[in-house]
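Paired with chain B in one complex and with chain C in the other, chain A is shared by the two complexes that follow.
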Partner chain A sequence: MRIKFPIVLIGMLILFSASIALGEVSRVPWLVVCGLSFIGIFIFDTENAITKNIANSTLFLTVFGLVLKSILEPSVEYFWRDVAGAVFLIALGFEQNSESWDGHILLRSMLTPAVLFFILVMGQSLPALPAEATLICSLAGIFLLALLELFSMLRKQGDVQTTAFMSATRSATSSIVSLFYCATFLPNLIHEAPFINIQLLVPVMGVCLAMLGFFLRKSRERYILFCSGWSLFILWTALSFEQNRIFAGIGGAVAGAWSTVIVSRAPIRGNDLRYIFLKISGWGIPGSILFTFILLGLLPSTNMNLRIGSVIWLLGFFIYWSGLVGNADSDRSTPEQSWGWRQSIALALTIASTALLSEPGMLARAMSVWWGGGK
Partner chain B sequence: MSELGILFSFIPLSGLAFFRGEKPQAALLWCAVIVAVIANALLLYPHLQEPQWWLPYTTFLAVVLFDGAIKKKLKPLHIIAALFVGQALLTKDIASIIILLIFSDALFSAERISNLELESFLISLTSLLPTTIGVLLGLTDSELIYCVAASIVLRLSSWPFLNLAVYLEDNRDRFLTCMSLISIFVLWRTQSIQDSDLWAVIWMAMACILSIGARPVELLGFLSLGLFSISPVWGILGTSFWALSLYQGKNIYLLAILMAASGAFVAGDLPKTLIPEVAIALAALFGILFARTFVNLKEVKTNWVIEVVGVFIALTVGVSEFLLHPELEVSLDTASAVLSGSFVVFYVIGKILQKTKPRLFKPMKSMGRLALPRFKRVSARQSEVIEQAMSGKVTVISARFFNALDSEASIIVLLGILGLLLFGRLP
Partner chain C sequence: MNFYELFIPHATLLLGVFIISALEIWGEEDRLSHQWIVHTFVLLLATIQQVLLYRVPSTVFGRGGLVLDGVSQTLSISILLLGIVVQLWRRGEYTQLTPQANLLTLGATLFALFSVQSNRIFFGILAIIGLLWAIQGALAAEGHRKNQPALVHSALVRSLIIFLVGGLLSLLCFSVFTETRIDEMQRVIARPNLSVSGLMSIQILTLFLGALVMGIPPFQGLLGYSRRQTSWPLAVGATTLLAIVGLNIFLRWVILIFSRPNIGALELEALGTINVFLDVRIVSVVGLVLVPLLALFNNDLKSSFLVFILNPFVHALFAFSFGQRETFGFAMSQILVSVFVMGLLISAIESLQLPPQFSWKEWRGMGRKDLISSLLVIMSLVAAAGLSPFYGSILLYKTLCINSWFGLFLLLNVALSGYYVMRLTALAFQKGATSATRVRELTKNQRLWGLGQLALLIFMGIFWESLYKYGAFSIRNFFGDI
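Here is the complex of A and B:
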């Protein structure tokens, strides 16, 4: 374990440095966001699942490399090809890390959505397809990536045994893909009816997802819904076409990936407030990094669709938070974890991030300057 | 520094992640307090020439220090939370106020978070939800005022949900009630009220409706909003209630007098909105209901020094307000006299009757409160029922909702709201 950690870290740094060296200036901020997300996942992986075996390490590094490569691609076709590869490996990673399960394979296997994703990507490249159909395929692919984990919840047993790092990897990939695609390759068709109504459709989907939690008993299951909902929230910020909201989405993408891996399945130890706060910070409660980006993402707007969307998202998050009332039903089969430097850094980061809210304008300006070379 | 500059205090708080010892933790917490104080000071400085801004803030600070001195142990986390409320007192933007109040509530309830029991956070959020929705939808003027009013009712009354102050505080500690009084003042002062007469009536009627089960301090909150609706200067005078609401010793009698006086003052405004005969009849009814609440109030044994300090703060606010605004005039009407008269008469009758018929004066405890949703506690059996309902086999009726509705108190409240709506249509 001690040797694997620096090896994987060096591998990530090499991939990251190579992509920065090879990439255009306009893509560098996106590469940095991607690097921050994945390196964060690796550092905050308190369960040490990434370095647990070679398969996990290789899968994680390959997915990271593919997402970096997708950002470097000059055309949309190549971009989707790389993303499809990453999605397939993520699905494989879920299967690799899940425990034995039964049920109908078509609906419950994570490979089914990966195959569907491939079909959608291939569909886009058909020359006979009109522009509308191509856009629908792209959006369907992004939705599929955001909701990928829901398939694992349909299993009869072993449904939510997947380690947190896989959820975080999916979350990071989904967020970066949706943000980058919307900022770089999204056709102008999206501004016309009926596509513009997607600004309302996405929050409605988010609330429906939150309401699914009514029927779930395990907090881990509801957290999967929350992560999928968070991916949709990031997609919504990307589709807002408002600079400040998109910057909030970019910050939210990194924060979401980190938070997902921080919220481990380990039960809470005693009454240590640090454990409790760290555990619930992944749900975006006040004082957490996610809450900061929720507020920045729900900024008042002049666009009526976005105003209504903000209210719908607020209600969605409210439903998720309502689920936190009561006693936690942590997975008792998972051994308790001792408090380490990773938890300390994660907790310090999540609390300190609240200060970002004090000068939201300054944050947006700083990101705007940094993004100056990008679109 | 912006209105949200106080959020920088979270930077020293983040250091708590690395230390478990009592001393380093205390040092970090006090660092956060210093940052919060600096943020307050920076926001207060531009308002030094405007008494309507610094006077409520000074009253608030006096209340915090007064409470801290009595308890002899100031908890840094509570001080930071209070300073967030202080920052909200100096803030003009409603969105910033919402954020400050959310963080303040979160800090107040931070110590209660054990085993993911987050009901207090949900209560806080529920109370601020209407205003937040209003802000997000970009509502202005009267529409936003309705949203703010809904938030105020949820923050101050114990119906339909238990408010945060009642949820967190114990019987002897009224600090959080005082904080909720301040928070509703913060929310209401930002609104540019056009139908001020109507709103004075609405707040007074709200106080009457909730007097069935609410506590006197909560009624005072509604009355102070009524005062603020008539005139912001009078509203700031209402901030003297804050210090008196902390400890209920002998000063409950002073509170009763102040309540009757402010009620009378608001009642003097009723004829502007209602027919004079209706206004007088309602003033009499209001007097009876207010008296009923105070008759029931029990005096708590308290050190006389505490009482004197509370009264001193209240008096200072009152005198300062009269000195700073010499144009203040007290204009009373027949309705005012009727309210004061009926209050005094029924208070005396109530005190006599209480020995023989105490039930008449008991506040209704079962106000038909709705419990906050607990989605997590769906048991296996309930899940089955829901699944059957989804398949159309069984019709599920929320028993909790109907339990809440069928209680006598709830029907009275609903009738009251109906009456309130009708009042607005009277000439």
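Here is the complex of A and C:
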């Protein structure tokens, strides 16, 4: 384990450096966001699941490489092809890290959405398809990626969460893909009816997920819904076409991936307040890094769709938070974890991030300088 | 280049056959190991020699009806690489190292080389018959002793069918073209006074022969039942070998003869009254639908795998059937990549030590027993299915970009293949692991070797441009760039 950690880290740094060196200047900020997300997942992997076996390490590195490669692609077709590869490997990772399960394959296998995603990607290349159909295929692919984990919830014994790093990898990939696609390849058709109504459809889907969580007993199941909802929230910020909101989405993508991996299955040790705060900060409660990006993402707007969407999102987050009351169940089969340096960094980060709220425009200004003409 | 140089790889393989025979006759107790070393060495040497021969873009004709161009070169390298893969993994087999199997597999490689390099249809038929006898003999040698007479008899019957069809084809070629040389036939076909019925008969026979040799369903291949009896490496190797030879028939005996480059040389146009591309497309569409379906419905995992590994070759055939320069180049590279896919499959199966007969039921829970080997088996079949991030996906994408409603069949193939892979993966990690197989712990080197192969395949899929250039360079003679 001790040897694997630096090896995987070096591998990630090599991939990251190579992509920066080979990439166009305009893609560098996206590469940095991707690097931050994945390196953060690796560092905050408190369960040490990534380095548990060589299969997980290889899989994680390959997904990271594929997402980086997708950002470097010059055309949308190759971008989707790389993403399809990453999605397939993520689905395979979920399967190999899950508990043994039984039942109908087509509905409960995580590979079903991955194969559907690939068919959608390939379907886009049919020349006979009109532009509207191609856009629908792309958007359906993004939705599938955001809702990928829901398929595992159909399993009988509620084997819903494999390891936190897989959820975080899915979350990071979904967020980066939706943000990058919307900023780089999204056709102008999206601004026309009926596609523009997606700005309302996405928050409604988010609220539906939150309400679905009300009927679920296990907090892990509800957390999967929250992660899927968070991916939709990032997609919504990307589809807002407002710079400040997109920047909030970019920050939220990184923070979301980190928070997902830090909320492990391990039970809370005693009444350690640090643990409790860290665990519930993954739900975006006030005072957490996610809450900061929720507020930045729900900034006032002149666009009526976005204003309505903001209200719907707020409602969705309140539903999630209200479900937290009196629910502190964890997977008791997982051994308790001791407080370590990773948790300390995570706690420091999530508390320090609230400072961003003192000057909401600061993040947007900093990012617009950094992005420059690259967006 | 002196055209005798074309024979160097063949001479090396033939020399290997003689040395192995001599070791069997005069060798000491350790002769089986020596035979294995000689076998591996000559295959490596022949591969290097074949690679070194690829220094001219133009077509070189050799005496005895041999031809060396980009296509025959790519197919030859694929065959030799496949021979190495099979040979390396036969080392650990329980029925391994029988001298007959050694000699016959080397002989099969030699005949396969002749069949893809032959410029005469009649010689090609003879080489295929030789290949069939050699490979059936090797399969029989590795199988149960009591089944050997039945397997050899089956080989004789099948080769007789090939000989009859091939003989009829040669006679028809003589009657229509007064020649069985492929390049001459290609020149003659532009003449207007050729017999239409004769041409149609030749096309039908070559299509039938190609599908039969390749093993595209509903044909079950020329090897039939014998593959189930033998070791995994030889069964997978023999199936792939015949798939490559079958593809050569479609390419050289069907498409090359009955087409010519269109204006601009970006695509081929059909010559003659029958559109040969449509015929090939129909054959490949049947394969696109039936290959994953038959693989899904087969209860025996080995038979299922042996059907499914034809998938990348059917993808390549479908791409060839459009006669477009770009897809042609991608499809040529796909053949080469498929050999690496088979290498990964063979090595993963050997690591798992799966017995010759193995069912889906026994596969259940295999991923919990041996994660790495199971993942490698799954990934090799994912690559065969043409899913991303493997090279097959770029061929699928390029083929789908062609404006044709036949593309829907390719999407159907993707859906069925995806379901096949999904089923394989889900079962591997489901409950109910049986104790039918004992799984040994992989050594660190074996893990690295397997994962290295997987990394290579993914690398080929992500950085596909160089492979495409190789494929595009290989098909230049088809488009008149000589």
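As a working rule, the second predicted complex is superposed on the first by the 372 of 375 C-alpha atoms of A that agree within 3 Å, B and C clash if a C-alpha of one lies under 4 Å from a C-alpha of the other, contacts with A are read in each partner's own complex, and residues count from 1 in each chain.
One rule holds for everything that comes next: a residue touches a chain if its C-beta (ideal position, glycine included) is under 8 Å from a C-beta of that chain, and two chains touch if they have at least 3 such contacts.
Every value quoted in this text rests on a predicted model; they were computed, and no experiment measured them.
Undergrad: Under the superposition described at the top, does placing chain B and chain C together on chain A give a clash or a fit?
TA: With chain A as the common anchor, chain B and chain C both fit in the superposed model.
Undergrad: What is the value, to the nearest 10 degrees, of the angle subtended at the Cα centroid of chain A by the Cα centroids of chain B and chain C?
TA: 170
Undergrad: By the touch definition at the top of the document, which applies to A:242: first (chain B), second (chain C), both, or neither?
TA: Once the two structures are laid over each other on A, A:242 reaches no partner at all.
Undergrad: Could you say whether A:128 touches chain B, chain C, both of them, or neither, answering first, second, both or neither?
TA: The second partner, chain C, only.
Undergrad: Pick one for A:55: touches chain B only (first), chain C only (second), both, or neither.
TA: Touch partner of A:55: chain C, not chain B.
Undergrad: Identify the partner contact of A:214: answer first if only chain B is touched, second if only chain C is, both if each is, neither if none is.
TA: So A:214 only meets chain B here.
Undergrad: Would you sort A:358 into first (chain B), second (chain C), both or neither based on which partner it touches?
TA: A:358: touches chain B, not chain C.
Undergrad: Looking at chain A, does chain C or chain B touch more of its residues?
TA: Residues of chain A touched, chain B against chain C: more for B.
Undergrad: Which holds for A:47: it touches chain B only (first), chain C only (second), both, or neither?
TA: In the superposition, A:47 contacts neither chain B nor chain C.
Undergrad: Quick check on the superposed model: minimum Cα to Cα separation from chain B to chain C, whole Å please.
TA: Result, nearest C-alpha distance in the overlay: 26 Å.
Undergrad: Show me the residue ranges of chain B that touch chain A in the complex, using the header's touch definition.
TA: On the chain B side, the touching residues are 1-2, 4-8, 10-11, 13-18, 95, 99, 102-103, 106, 110, 113-119, 121-122, 125-126, 129, 132-133, 135-138, 372-378, 380, 383, 386-387.
Undergrad: Can you check the complex and tell me which residues of chain A touch chain B?
TA: Result: residues 213-215, 217, 219, 222, 268, 271, 273-274, 276-277, 279-280, 285-287, 295, 298, 300-302, 307-308, 310-311, 314, 318-319, 321-329, 343-349, 351-355, 357-359, 361 of chain A touch chain B.
Undergrad: Looking at the complex, which residues from chain A come into contact with chain C?
TA: 53-55, 58, 62, 65-66, 69, 77, 81-82, 84-86, 88-89, 92, 95-96, 98, 100-102, 105-106, 108-109, 111-112, 115, 118-119, 121-123, 125-128
Undergrad: Which stretch or stretches of chain C touch chain A in the complex?
TA: 365, 367-368, 371-372, 375, 378, 382, 387-390, 393-394, 396-397, 400-403, 405, 407, 410-411, 414-415, 418-419, 421-423, 425-433, 447, 451, 454-455, 458, 461-462
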